[in-house]
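My questions will all concern the structure given below.
We just call them A, B, C and D in the order they show up, numbering each chain from 1.
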Amino acid sequence: MSKYSPLADAIQTHISDGDCVALEGFTHLIPFAAGHEIIRQRIRDLTLVRMTPDLIYDQIIGMGCARKLIFSWGGNPGVGSLHRFRDAVENQYPNEIEIDERSHAAMAASYAAAASGLPFGLLRGFVGSDLLAHNPNLKSIDCPYTGERLATVPAIRPDVAIIHAQQADRVGNVHLWGIVGVQKEIALAAKRVIVTVEEIVDKLDAPPNACVIPAWVVTAISHVPRGAKPSYAHGYYERDNEFYRSWDAISRSRDKFSAWMNQHIMRESFETLHGEPML
Amino acid sequence: MSKYSPLADAIQTHISDGDCVALEGFTHLIPFAAGHEIIRQRIRDLTLVRMTPDLIYDQIIGMGCARKLIFSWGGNPGVGSLHRFRDAVENQYPNEIEIDERSHAAMAASYAAAASGLPFGLLRGFVGSDLLAHNPNLKSIDCPYTGERLATVPAIRPDVAIIHAQQADRVGNVHLWGIVGVQKEIALAAKRVIVTVEEIVDKLDAPPNACVIPAWVVTAISHVPRGAKPSYAHGYYERDNEFYRSWDAISRSRDKFSAWMNQHIMRESFETLHGEPML
Amino acid sequence: MTAASPSEIMTIVASRLLSNGTICFVGIGIPSKAANLARLTHAPDLVLIYESGTIGARPEVFPLSIGDGELATTADTVVSTTEIFSYWLQGGRVAVGFLGAAQVDRFANLNSTVIGNYDSPKVRLPGAGGAPEIAALAAETFVIIEHDKRKLVEKVDFVTSAGFLDGGDSRQQRGIRNSGPSVIITDLCCFRPHAETKELTVTQLHPGVTREQVRNATGWSVKFADEIFETEPPTETELDTLRDLEHRTELAHRGSGA
Amino acid sequence: MTAASPSEIMTIVASRLLSNGTICFVGIGIPSKAANLARLTHAPDLVLIYESGTIGARPEVFPLSIGDGELATTADTVVSTTEIFSYWLQGGRVAVGFLGAAQVDRFANLNSTVIGNYDSPKVRLPGAGGAPEIAALAAETFVIIEHDKRKLVEKVDFVTSAGFLDGGDSRQQRGIRNSGPSVIITDLCCFRPHAETKELTVTQLHPGVTREQVRNATGWSVKFADEIFETEPPTETELDTLRDLEHRTELAHRGSGA
């Protein structure tokens, strides 16, 4: 009953052109290796979902794999813009990209609603914001008790969620810790769940109320040490802030971006850049 | 800025006749000592809130402190009825008690809504149940996206929440673990929060994603070792199942109950019964 | 070894219905006994979820309460009660909800609220707990109850958890999306809902039990399926495991009061 | 020690506005700098909440991202992002929301979404993130922004987070319940909303800054309050602490890429 497989197999088996895919991670534990595999497999027409699309989404978008983005903040944290994302939105390059833009609170509510089997999430959200005028998905309802008007967002139920975690046991029970973001929510919101992990352990030594995702929720799991590089894995390695800074110059020009992607992601392996090889 | 005070002072200062009070705990960490203090101080006309009112609510109700109960399951777990609760509902003894009855899922949604600053909680709840006909608080709304009918419950925002935890540091940051029930939710739902703790430590050694309630959420805190007896405190002492069993006979007769309460709670201290004295 | 009691047979029959790997939301009492017996016999990878928030609990003894420390210590993870109902039960993760009740009626509606009138009850029962949502949100539910005329009634005094309501498609009509109770296990027999009318119909009799016995102990004019199976007698392993568990539980619960 | 730069003064002035014990929801960048400076000078018990879920973070260096490991390691507790927005921000636990933006307008509306038209933007900015709800749900908000004509504009291209909308009581009319932006801190001055019109009005000038300078750098015809305070110059402690922090941050971030 092992759910372990090589990452390339997991991506190939469980993601198809046109799927709605969420690679989540709030700065921490971002599943870069899995994103690169999506790019290498030239999967197309993806609807990408994420609260904080960052470099890996910039790469996926820049390589022409996405047709739509559902998100709340798309930037290079602490550095600035995502130039490939901007090029897609501002100049439809390499292709037009449709956007469904929400706030963080609204995205979190969308995920939690889906994880909870509800068609929508309820919040005190984006009152007075122009987001409302530009996103027909953002609606409101009246409280049946107080009559107050409250905001609603539709649940997001991706075809596939991909998360990276620190540890899993041999059965595939997954344990992550530190900044856990919305990873549990997206795993429970999605139809299929792919997990990459830093380390396989004989027994999870998780504290009683830790963020644990049981093996029976996981569709496929791959052992990918450093799979979150250049983001970080709490307890394993730190965030490669230098790389995030250098991305600004790499991604600013279409040609430089293409060359870099060809060299580091398409031809050679990303791991040459970021340390020890993946298993 | 210490928020520590003797339990009797905390109860006297923060609870008044007529208040809405929730002493929460899902079998684990039930704040018995605080409940006994409420009884000893002869506080009256309380609206009691709890998912699983058990022996301590049987005692509070039996001693005539409550005028209303908001709940979802009132029994002696694994043993049977709460006889004082039954006597109040069936025979209005020692006084009439109004009830607002929900399901567990609905109670949890009510707490989470209040903790989230929302006027109501949303769930797929109690469809087809006669609870709907007997509780005008249970309503429904239409999903603005799918048109589905979904259940709603009003938020519960008690005047006071009381919880028991394993540890707090000297500032009053609280850490509980094991079966954490709805304790974080009720602490964040209530206007005031009283915490009793097993142990005061110099530094909480809580795992990063543990159930921690920051000191600035807590109104008053008291050091009460064994304050959850005869329920249990994971890592400190086990549930006194024998006592739960013996309660059936004690509580079945009004006279026996009165005598027992007078002897163990009103006159002597409960601690004579359950071990080492409280500080 | 003494012969299996009716209550032991009921627990064993219930345990057999849980196949390995099933995600099962377990009520306290006999459902919990049956589920743990299954886990310790033919279904080692049965996943037990208790409403106290314990996921993947593997207790060594039967818990007395739904929140015993034993459940937390042996679980894969323990989440808040809020989360267990929202993300796990309502989120559609549960294959089988396993419930008890004070009354079950002809259409598998469950009562755990009151005997008599709600506003002036003859007996005030503990109440709904998690049952209404377990009944509506697990893919299917199993119900276990002692066979007694006062418990298996024509119509429950109060519908705490919806079964097939008035029968036929009335459950679907009310917007409940799962398939509902698929079997009622008693100490005499098993009932299953009739495919169309949804009336509970005896499909299986435990060893030595007669139709007459079932008729006399049931509060409505009970129907029998065309083909009635006879329950396989408990195996030695089943009975041993159950009694062992009961014995360990006895010792553990006696000890913990010190 | 070299004199304080305008940017340093801005950060220091912002830090002074945070009193000890305040619960502050902090945006990344200068808000985070100012909040940590406050914590390390006059407000040791300032509680910092970041939207990544860290509550009570006490970073030794400025985080580059809102989810740096430093925040998790030093926090009292780390909760899910879902929980930080529902139980903590929306639950009404936050006294001060501390925000930056790409544009602020005369009525303190914030834009962090687009420059130009939403559907065919000149510049696509990162987007709302947590800002709309921080602005609406913290008891009050402080905004920090570099003083520049393109940033302090008559009307923002896009209202990402509502300030006082069209001024007057239009914010309340829209059902927003908190008091809104109470101060805008720039590297030249501080604006506060006029009591009635809610137009941002200069109430405080930093050392050596003239009204002319402010007028020239502001995208609307700026008003000055009847009484204008002059900002106290940075103390040596403030400046030392800030530069120390910057230095430690520089070293730490350079190191971590190895």
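Basically, contacts are C-beta pairs under 8 Å (C-beta built on N, C-alpha and C of every residue); 3 or more make two chains touch, one makes a residue touch a chain.
Computed from a predicted structure; not experimentally measured.
Under the contact definition, chain B and chain C share the contacting chains A. Looking at which of B-D and A-D shares more C-beta pairs in contact, the answer is the pair A-D.
Centroid distances built from C-alpha atoms place C farthest away from chain D. One finds 40 Å separating the Cα centroids of chain A and chain B. If each chain is reduced to the centroid of its CA atoms, chain C and chain D end up 56 Å from each other. Centre-to-centre separation of chain A and chain D, using mean CA positions: 28 Å.
In chain C, the residues that reach two or more other chains under the touch definition are 72-73, 78, 86, 90, 137. Among the residues of chain A, those in touch with two or more other chains are 112, 117-118, 123-124, 148, 178, 180, 184-185, 208-211, 234. Which chains touch which is summed up as A-B, A-C, A-D, B-C, B-D.
For chain A in complex with chain D, the residues that touch the partner chain are 26-28, 51-52, 71-75, 77-79, 81-82, 85-86, 89-90, 101-105, 108-109, 111-112, 123-131, 134, 148-149, 178-182, 184-185, 211, 232, 234, 238-244. Across the interface of their complex, chain A is touched by residues 28-29, 51-54, 63-69, 71-73, 78, 80-82, 85-86, 89-90, 113, 118-133, 136-137, 158-162, 165, 171, 174-176, 253-254, 256-257 of chain D. Against chain B, in their complex, chain D makes its touches with residues 21, 23, 45, 47, 55-56, 72-73, 75-79, 86-87, 90-93, 137.
Touching chain A in their complex are the following residues of chain B: 117-120, 122-124, 139-141, 143-146, 148, 150, 152, 154, 177-178, 180, 207-211, 234.
Touching chain C in their complex are the following residues of chain A: 1, 112, 115-118, 173, 184-185, 188, 204, 206, 208-210, 212, 214, 216-217.
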